[in-house]
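Quick one: this structure, given as structure tokens, is what I'll be asking you about.
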Amino acid sequence: MKVTVSRRAHFNAAHRLYRKDWSETKNNAVFGKCNNPNYHGHNYELIASVTGNIDQETGYVMDMKVLKQIIKTEIEDAFDHKNLNLDVPEFKTLNPTAENIVVIIYNKIKAKLESHLDLEITLYETPRNFVTYSG
Amino acid sequence: MKVTVSRRAHFNAAHRLYRKDWSETKNNAVFGKCNNPNYHGHNYELIASVTGNIDQETGYVMDMKVLKQIIKTEIEDAFDHKNLNLDVPEFKTLNPTAENIVVIIYNKIKAKLESHLDLEITLYETPRNFVTYSG
Amino acid sequence: MKVTVSRRAHFNAAHRLYRKDWSETKNNAVFGKCNNPNYHGHNYELIASVTGNIDQETGYVMDMKVLKQIIKTEIEDAFDHKNLNLDVPEFKTLNPTAENIVVIIYNKIKAKLESHLDLEITLYETPRNFVTYSG
Amino acid sequence: MKVTVSRRAHFNAAHRLYRKDWSETKNNAVFGKCNNPNYHGHNYELIASVTGNIDQETGYVMDMKVLKQIIKTEIEDAFDHKNLNLDVPEFKTLNPTAENIVVIIYNKIKAKLESHLDLEITLYETPRNFVTYSG
Amino acid sequence: MKVTVSRRAHFNAAHRLYRKDWSETKNNAVFGKCNNPNYHGHNYELIASVTGNIDQETGYVMDMKVLKQIIKTEIEDAFDHKNLNLDVPEFKTLNPTAENIVVIIYNKIKAKLESHLDLEITLYETPRNFVTYSG
Amino acid sequence: MKVTVSRRAHFNAAHRLYRKDWSETKNNAVFGKCNNPNYHGHNYELIASVTGNIDQETGYVMDMKVLKQIIKTEIEDAFDHKNLNLDVPEFKTLNPTAENIVVIIYNKIKAKLESHLDLEITLYETPRNFVTYSG
């Protein structure tokens, strides 16, 4: 009996989409106003979905308080009220597109879960744009 | 042409997470404030998603009015404004975690659907915590 | 320049609507299934809206971190995962209708605000039913 | 590294569910008040989800500005503020149930995507009823 | 102690904005694509907010079950799955703009409330456009 | 017959809360992590609510297409994908707190409305924090 348990979280951050090895013209052509050199920002909303068997003793797939704490330590403390390009090591050389951010979040949370559990991350960059990654 | 049709519903209920065969200390360690002996409660929001082929005559996978009625009879009438632990037979000996509730809901609705139809249930315990089960 | 600043919070609780001095018949006639003697429950969503002049130094009406902390101490710690009838002193002799709860919440938060600030509380009992009180 | 990128859009339209080759009695029995000969209508909310590998150069699965433009040209310009039965060629002989609409939307958008990309469409007819199709 | 109690409801309808006494050119200039002669439609979401004193006996401003029934009889039964221009007498000679609809809804519900109660209606034509009227 | 018509819009921006004439210690004490020198950001959601009499000819308080265009020109084009501190002249010497931003937005839109119309602006900095100003 595989059940998926999901938990919502959020963080606010600034970012800029560009590649240092591209000309300004090419960056503007590909990334448009997301390439503002002074940055813009988002309220990122995050859903972490963990799939596994129900523990017959507790009735839990995993303790949601533990999942909440992993998200806090790994993601909120690291990303909230930060500039993703300047303050977060993972994006020093990686363009912080929603696609790249969701993969980083997946990797950070997956490393803290018991290995028999599957994970999917959905990341809302805005209420109208979102991405999903499950490894 | 398999299409999934989904219908939202809701019920309000009280519950308590604990095991009668555990000590109060162990119940508190595992279930924390969800083990309040006087109960707490939630507005449960439910999504029932039914997958099947489109009927070429009607253009329906199934009549949503029928699905709405099944949810009402099987779930809303049985769970709404109830104490899950005390008033609902399925939870007399089963801990009403979100995971266990979603499996019970799945089983009750699946039994009323034509057998060629697949079902997935998503149950929101709060807007921030939810579970999904598809058999 | 009066501006209103609003902060959302939430708590989950069980309750029952009834009057001890009424017959069961009268309680059922007035409160219907809300009079379940085993209780039911809700995810209460709360909006606290504080109105005052913008402080010219800080650009704040009040520090939202302070408002968030007042809501946590006065409301979330007192009401979350509780049975309003049994665990919360204010409702020992007061019927916990949404109307009575919103007045209690208003009184508790208003007492902690500087006296020049106005307050309005909106309390969602469900996404479809809510109440508002401003003193 | 397959990631899904999703974009929300919306259109408002009138429609009527019925078959010309059925009697009025049969249409009413199957489609109920959705068979109002004067039409009724909805705010359709649409989510287009595209799955593919992250382009290592751009960090994109596909440029969301391109996806947004495809949805605008193929769906919003064609369906918004229209009567689906009378104004949209695809529904001249096809009953505009949510199931049939989501298949048409899928086909129109899929035809404009690069062939290596997978697509899933979710269409909300109301906030309480929605359908999903992925080919 | 004046408290406002609010209840959400919804109906789906088709409509067209135009004046019979205007030329097609003028109707198009003023109402644009809302003047589609074949109609378009919306999921209208409605909030009825009733303000009055808390009844000291019941703890209610008014019984929300009564308010829910008034909305059902006066608004949902009359407007749901209808063409506002053709099926609803109030709009036979009144242009069904959101502003005119909200006034009609206010008048219909206000007539059924006890006279000491105040009323405000908010009507969402879409999640992005809404109107409010309080007499 | 005064009716309020409301329109939702949104923009994404980076900002930093601080005063150049304060020490870093004082800025941190007052503004906390909002004082990140590398900025953070938000998806700002905006509701512009205009109150006036219904025009008896059109049934409109004002043409929502006109209001939508005013919001686009005055707010979205000026603030979207910008760094409020660096890119927006109004905040060169004004701390971009939500309170100060909502007053600026009010002033910019009010100046473009006919003088007999009243305006209220609600600005969501996050889904949990928002501010309202009506002059």
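For clarity, chains are labelled A, B, C, D, E and F in written order, and residue numbers in each chain start from 1.
Following the convention adopted for this analysis, contacts are C-beta pairs under 8 Å (C-beta built on N, C-alpha and C of every residue); 3 or more make two chains touch, one makes a residue touch a chain.
Note that this is a predicted model, so its numbers are computed, not measured.
Trainee: If you check the contacts of chain C and chain E, which chains show up for both?
Mentor: In this structure, the chains that contact chain E and also chain C are F.
Trainee: Following contacts chain by chain, what is the lowest number of steps it takes to reach chain D starting at chain C?
Mentor: Minimum step count, chain C to chain D: 2.
Trainee: If every chain is reduced to the average of its C-alpha atoms, which one ends up farthest from chain E?
Mentor: Most distant chain from chain E: A.
Trainee: Taking all residue numbers at the chain A to chain D contact, is the shared part over half or under half, that is, same or different?
Mentor: Both copies touch with mostly different residues.
Trainee: From chain D, which chain is the farthest off, judged by mean CA positions?
Mentor: C
Trainee: So what's the Cα centroid distance for chain B and chain D, whole Å?
Mentor: A distance of 29 Å separates the two centres.
Trainee: Cα centroid separation between chain A and chain E, in whole Å?
Mentor: 41
Trainee: Show the residues in chain B shared as contacts by 2 or more other chains, in ascending order.
Mentor: If we look for residues of chain B contacting two or more partner chains, we find 127.
Trainee: By the touch definition up top, name every chain pair that qualifies.
Mentor: Chain pairs that touch: A-B, A-D, A-F, B-C, B-D, C-E, C-F, D-E, E-F.
Trainee: Could you please specify the touching residues of chain D with respect to chain A in the complex?
Mentor: 1-9, 49, 54, 57-61, 63-65
Trainee: Which positions of chain D touch chain E when the two form their complex?
Mentor: Interface residues on chain D, with respect to chain E: 10, 12-15, 33-34, 36, 38-43, 80-83, 86-87, 126-127.
Trainee: If we count contacts the way the header does, which residues on chain B are in touch with chain A in the complex?
Mentor: 17, 19, 30, 32, 94-100, 102-103, 127-133
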